[in-house]
Amino acid sequence: MVNVWRFMNIVFLIALWIYQDPPLVSFLFVISLAIIVCLRWRFRLPSWTIIIDLILCFLFIPLWGSSAYGLALPVYEMMSRQKYRFLIVVILLIALFELYSIVLLWLLFQAGTFGVWDASSKKQRERYITEADRERHARQALENVKEELLKSNRKTAQLAEVSERNRIARDLHDHVGHDLTGANLALEAYEQLEGREAEAMLNEVKLRVARSTAMLRDTVHDMTPVTRIGVDVLEHIAKEFIHTSVSFQRSGDMKLVPAHYWGLLEPCLKEALTNVARHSDATEVNVNLDVTTYLVRLSIQDNGTESKHLGEGSGIRNLKVRARANGGSVTVNTVNGYQVVCVLPLEEDKR
Amino acid sequence: MKELATIRFIGIRMSRDFITMILLLGVPIILITVFSIILGEVEGLSGTPIRDETVVLLVLGFQLFGGAITMNYVHQDLFAERKNRLLSLPMNTTLYGFSIMLAGIIYSILLGIILITYTTMVFDVNWGNFIWALLVITLMSSLSSIVCLVFTFSVKNFKIAERLSEVYGVGMILLAGLFFPMPDNALINMFNDYVNPLMLAYSSIDQVRSGGLSDGWLYAALLSVLILIAFGLLLLTGRRRMP
Amino acid sequence: MTIFRFALKRILRDKTNVLFLTLFPIAAIFLPTAEDGWPLLPLGYQYFGILLLFVSIRLTSIMIEDRQKGVVKRLAAAPVSHFNYLWQNLLAFSVIMIIQIIIIISGGYAYGHELYEPWNLTILYLVFMFTAISISLAWNSLYRSKESSFLIFMAVIVLMALLGGILFPVEMMPVVFERIAVIFPTYWLSEGIEWIVFGEDRGDFLFINGVLLLYALFFLIIGSIRRIS
């Protein structure tokens, strides 16, 4: 845009030159200015090159009065580069050659204003660009944090499982193990003893076995969670859904599914059923949960017809990201009704 | 005669070829405009304004280059990119080449008509009888198309054929003395009087413009003889090279 | 200097090119002198500027060809700067055209043409040659294909010659055109030829050559832009 303006100035000077028919030498002025404009178009010239423009004007104004119109170019340049001290030279030139034409002054004022505007718009553009860069950076960081979070989620689940196993092992070892070993020793001793002592020993064994039974019950009791877990949750959700009838089928060994997968399968089912309730005209929903040795597959299929135009909500998109973080996928199929399929791989050591 | 129906499509192809359009229509318009403004209303030696003379010569001279379109299309379709595709069609290639030639001639005539209308409208150039001018333009464009095709068929390398067609155009203009006066040589004079198609066409129009209808007919007949000779050559060379 | 040598080889390998490059200057020598006092020099020398323009567009077209064939893209990846590529090519073009100028001047001298000041004429042709090369360079930078650039430039050459006063004396044109003529480099060439014939002030000749050189610089800056695609 700036270059268009610059070349327009040159064209104007040429037209003026042809119209006014000044001495031939002044054509040099027009060509030299054109060369400088060209250089400014191709390269970023340093600020001192403005002096060349000014010297050219100084040399040629005595030969051809309208050379003064060429001042518009250096005036624009100095204003856009904020080198205001060159303005003094321009004012001196105007005073020296008594260029008090109102048209010229107006043109120079316009050029200066254009320069100032250009400088400010350039600054603004740079600010916008840095702002956009920063925003992009922040967004990327956020994305990374999300990935990390999902990964650590999976790790935490594994860690919880291991520590729980440790606790059970410790409990069994500390209490049940001790008492049973004691009971075993006591029984062996009982075989060697007779009379009153033997009776005392048997009582001792009885007490120990009773205690370890109670301890075992307690331990198992501690282990069994009060809330529903695993496939029961899914089944419960399906059963509690009141909008349409939901049939829930499952196959395979549910114990193979690691704990943190349920945390993904559950929102998946919820999301699909919510979508059915909110957007679909379906009357029937089939939920299939299949666990094979290699993967878990949850499919929620309805017979709705109006859900085809639906795009992907943020719910499904989120689930997709989470499934990807676990090495699986969530896909949506709208060919026959609306179907959401979530496939998750089973890890090596779980098999 | 389905081959002739392809003229329509060749015409559409030609109308989309902007570079050719610029060269054969834009350039002459600019040149004629500049010449007309420069020459103004100066009277020539024979009484007709120099402008009329130059403009008519220019328009006719550009007809010499009209054959380049035909040549390019024939080369593209029958010898280069589209050769195998066209050969696989149930179509007579000779007739197809002929229809390209017809389309090129018609295109060139159309450009000529536009130029004639432009010059008469804007600069008031005297073309004499419009129908007669049209006839001469038709003869010129046919001749140039046929001559260019002869070049295409007689030279193996298409680049050289192109150069030859340029030599034909520029050479005729040079010999006619448009750039600078030719030396007064008997051979050159005879060539200009009886063979140079540009001079024949110009003389024909000039004679009719100044009332000498019979002389006009004579020059047109000479042009037609040239066309017949060129057509004979075309048949001879084409039989050998046509795919 | 590999690029320079290769450019020379590429130009001279094409037989029509060689023919075109040698035949035309030689033919120009034998063109007659005009009888009615204009053009001032023998016709071949008057029109030699047009020939220089034609030759320069033909020579610089190998740079468009480079662009068309993707050579420029490969060069961008090669350890050769664009500047090197440019100046070595231009040098090759200049060498060829300098040879042409030498041919026409020495040939004309041997043939017995009245050339007034052959040395100054050589200088004028040399300077105009640089202008011609940079004009065609700038022109080529506007086009993607060699053919369209060449064909349209032919028309531009004719227009420049016409309006610049090579085909007609400028004084014959309407006043407006006489002034517009100054824009065209060809005007300065015909002015230079006029100076050589009438030869007055030495400063005028310098001025004319200076303008032509400035034109050369102007178009060189435009034409040196690097266009890869």
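Worth pointing out:
Per-chain numbering from 1; labels A, B and C assigned in written order.
Here, a residue touches a chain if its C-beta (ideal position, glycine included) is under 8 Å from a C-beta of that chain, and two chains touch if they have at least 3 such contacts.
Everything numeric here is computed off the predicted structure, so don't read it as measured data.
Each chain gets a centre from its C-alpha atoms; the one nearest the centre of all protein C-alpha atoms is C. Taking the mean Cα position of each chain as its centre, A sits at the greatest distance from chain C. Distance between chain A and chain C, defined via averaged C-alpha coordinates, is recorded as 59 Å.
Inter-chain spacing, taken between the CA centroids of chain B and chain C, is 30 Å. Separating the centre of chain A from that of chain B, both taken as means of CA atoms, is a distance of 67 Å. Within the complex, the chain B residues that touch chain C are 19, 22-23, 26-27, 30-31, 34-35, 37-38, 40, 159-160, 163, 179-181, 183. Touching chain B in their complex are the following residues of chain C: 16, 31-32, 34-35, 43, 47, 147-148, 151-152, 155, 158-159, 162-163, 167-168, 172-174, 177.
Note for the complex: chain C touches chain A at residues 176, 179-180, 182-183, 207, 210-211, 214-215, 217-218, 221-222, 224-225. Only residues 14, 17-18, 21, 24-25, 27-28, 31-32, 34-35, 38-39, 42 of chain A touch chain C when the two sit together in their complex.
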